[in-house]
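Sharing a structure below in structure tokens format, with a few things to ask.
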Amino acid sequence: MNKIVRNFILIAATIAFIIWGQNNLEPYTLRIVNNIGIFLILALSYNLINGVTGQFSLEPNGFVAIGAYFTALMLIPNETKLDMFALTDPAPIVMQMQASFLPAILIGGLAAAFIAFLLSFPVFRVRGDYLAIVTLGFGFIIRIFAINNPEYTNGALGLNDIPQTANLYWIGGIALITFISMIHIIYSKYGRAMKSVRDDEDAATAMGINTFKIKTMAFMTSAFFEGVGGGLLASYLSTITPDQFSFLLTFQLLIIIVLGGLGSMTGTLVATILVMGGMEWLRFLDDEITLFGHDFGAHPGLRMVVFSILLIVMMLFAREGLFGNKELPDILKKFKKSKS
Amino acid sequence: MDLQIFIQQLINGASLGSMYALIAIGYTMVYGVLRLINFAHGDIMMVGAFLTYFAHQLWGMPFELAVVIGILGAMLVGILTDKIAYKPLRDAPKISLLITAIGISFFLENLFTVLFGSTPKAFKAPEYLTKIFQINDIYLPISVIIIPVVTVLILVAVLWILFKTKQGIAIRALAFDINTVKLMGINADKIIMIVFAIGSALAAIGGVFYAVSYPSIDPLMGIIVGLKAFAAAVLGGIGSVTGAVIGGFILGFTEILVVALFPELGGYKDAFAFFFLILVLLFKPTGIMGQDLERGRF
Amino acid sequence: MSGFLVVEHVTMDFGGVRAIDDLSFEVQKGEIYGLIGPNGAGKTTIFNIITGNLKPTKGRIILEGEDITGIKPNKVVYKGVARTFQNIRLFKSMTVLDNILIGFDAKAKYSYFEAILRLPRYFKYEKIIKEKAYKLMEIFGLTQFADSLATELSYGNQRKVEIARALATGPKLLLLDEPAAGMNPKETAELSEIIHKIKRDFDLTILLIEHDMKFVNAMCDRVTVLDYGEKIFEGKPADAIVDERVVAAYLGDFSNA
């Protein structure tokens, strides 16, 4: 009984915050909250394949790009497309892609999930750690494809004038839905199967689990939500270019899920806020630095040097991150039990 | 396409393939002994190129000496990477190692961006490498001949080390069964260090070759080349040095010849490696040389 | 051959090494059958062949008249074969309850979407399998550990969890790989009792690998003794101990029999 009431209160509070925030926050703060919201969607889904199922993957930037492009093409009005496509005329199918907001977002997610399905066959059928390399390469391939097919993507120019329907209602709402979905998956037989694949794939197989199927399910689910996040991103930013979806995005998500704890959704929640905050706060490292009266000049890249050192240090000394692979309520429960 | 051009492109392909081969060897050897995809390996290539550039063009050293510095520096980075980041995680879950490798990779890329800036730098090589010579209608820089020749010599040297020296035999044994090897009193960590040293040295040489051939270098140059070299290693059969070389050359030839024959596919050049990778995983995961490293696990 | 489980002329080659050489034996329904022999004799290998982890070079495995040779390990579970491992392989990040639930999960017939949307079937089946899991834990005396991490338990209890987990899949044939390994006499006696009990209550046929001859004597109706992949004896444990080939293989080390 307690749990249901607690969940209800948390959800209600979140919705209240979303409504309040959209209407009351200053633009700068609202922008940060929206960014956190989008990153939360991406990080939570990334944690499913990486943390819960234990399959090291570098997929997010690729699937985010797919979702972003599909959604953008669906949302941009056709007349705008004709003007915008500067390198060549848009392909006929591009002109057919029109949808309202929610279907556009969902289609972005489904497109990503479908590609994930295709990738599953070469990757999960074989032993070995090929998922990481394939997904890393996949991110680059998406970029190559986007640049070389201007009739679909407007090439390196990218797409702009994407209707900015995405606001905190949408982003916050979908983030909430993503979080709840992940929790529901984890606390179900499918979540158990995913964790068993992570813990001991051979024992999982001996228990009747089709590990290929489970890995594919997790991968497709992650892809779907990452695609949805990409669609939201496209609508929020109103402009997307192929270079936006670089490995840097995946790297940031990786830091988030490691910091929060691989496999912990509540951990990801906390870590997203910390890392996004940290990224903002450390932005000064990429600008002109004056220390003790000396002008050290500007060294772009210093911020990410710090973050990569942070990641390495975490892996060496604090691999579990904040919450390990547990959710906060379970940790609190154990803590209370040990004190009594 | 007439014969002259075909031969010219063949030679170009051999040169490009050599670079992939040199870098692929490092990937395959580390994967062989540690079952780890060392994501930072491609960046070691970049480190080798940059240290050479730094020593030669910013410090004023003679080119040959600069190359040696580049190679030694890269070896140092490779060995340190293992000592500081990978060794402590020998018994950790595999995913921790992979994440750390990505961290090192990203660290090196950004470190060198901070040190040298992200704009590409012109790499000046001595004339005896860049001079263009002519046979009939074929114009080629001398480097394009030198690179494959040197690479083959290096490959012979590496194979000699692996099959004729005590350390080399230990390396191959480690790749087969690391636990038994440790039980036999062999210092696995030292052997692994040698593997990183050799792999890094080769990557650095590959980096210098790359810089001579495409005379601009930037901190992110190792990423794509590294990815492709790994794909080449998988194509050739991960864990096999000969396979890495075969895979490297196949990839090099494919990239050059396909684009020469079908110029409209030029923009997709970098994607060929990815497609090779997918094809291999779909149809023959053990690659061309076919070593199944996972056998005997029960 | 008409046994419940028939191992028929199985040979297993790994490259140049012959791990199992023309091995045949039959286990009757309801038997507790032992596979014993020195280390490296091929006992775990034959387990891996029965469970489909390995495909035999020659020969067949027949369960209740059905040829199950080479059926993949996750599918052979549905034919009624379950196993434990020599070095206990529990799911370390999960609780005892969750470990056992995994065994029952095949019976939880709700889809992925029903799980995400928390539709009624999710609640219905989760309740059903949770009840089954608690009942099983009671039999093994593990109820108080339900919410503990599997790794927090004593070795003996962990072994019990592993057996319970295998049992949860509802097998007809249970393969136990050195279940008594690493246990003290008290734990071994307890284990012995539990195995007999579950055999009766769940109508099982049990094939077990063991070194501890006292345990084998107490547990097994019949045994096959392997040495270098070959069968050198089949029959009652008491007869095995005095058979000269068996004694030679073990170098007479039956001090604990």
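Note that the chains take the letters A, B and C in the order they are written out, and that residue 1 is the start of every chain.
One rule holds for everything that comes next: a contact is a pair of C-beta atoms (placed from the backbone, for glycine too) under 8 Å apart; a residue touches a chain by one contact, two chains touch by 3 or more.
Note that the structure is a prediction, hence the values are computed from the model and not measured.
Counted by C-beta pairs in contact, the busier of A-B and A-C is A-B. The most central chain, judged by the distance from its Cα centroid to the centroid of all protein Cα atoms shown, is A. Among the remaining chains, the Cα-based centre furthest from that of subunit C is the centre of B. Note: centroid distance subunit B to subunit C, computed from Cα atoms, is 47 Å.
Between subunit A and subunit B, the centres computed from C-alpha atoms are 31 Å apart. Between the Cα centres of subunit A and subunit C there is a gap of 42 Å. Multi-chain contact residues of subunit C (touching two or more other chains): 53. Of all residues in subunit B, none touches two or more other chains.
Residues of subunit B that touch subunit A in their complex: 35, 37, 39, 85, 88-89, 92-96, 98-100, 102-104, 106-107, 110-111, 113-114, 118, 219, 223-224, 227, 230-231, 234, 238, 267-268, 270-271, 273-274, 277-278, 281-282, 285, 294.
Residues 181, 184-185, 188-190, 192-193, 195-196, 198-200, 202-211, 217, 263, 325 of subunit A are the ones that touch subunit C when the two sit in their complex. Considering their complex, residues 51, 53, 72-75, 77-78, 82-83, 85, 89-94, 98, 101-103, 105-106, 108, 110, 112, 115-118, 122, 126, 165-166, 169 of subunit C touch subunit A.
Subunit A makes touch with subunit B in their complex at residues 50, 54, 56, 58, 121-123, 125-130, 132-134, 136-138, 140-141, 144-145, 147-148, 247, 251, 254, 258, 262, 299-302, 304-305, 307-309, 311-312, 315-316, 319.
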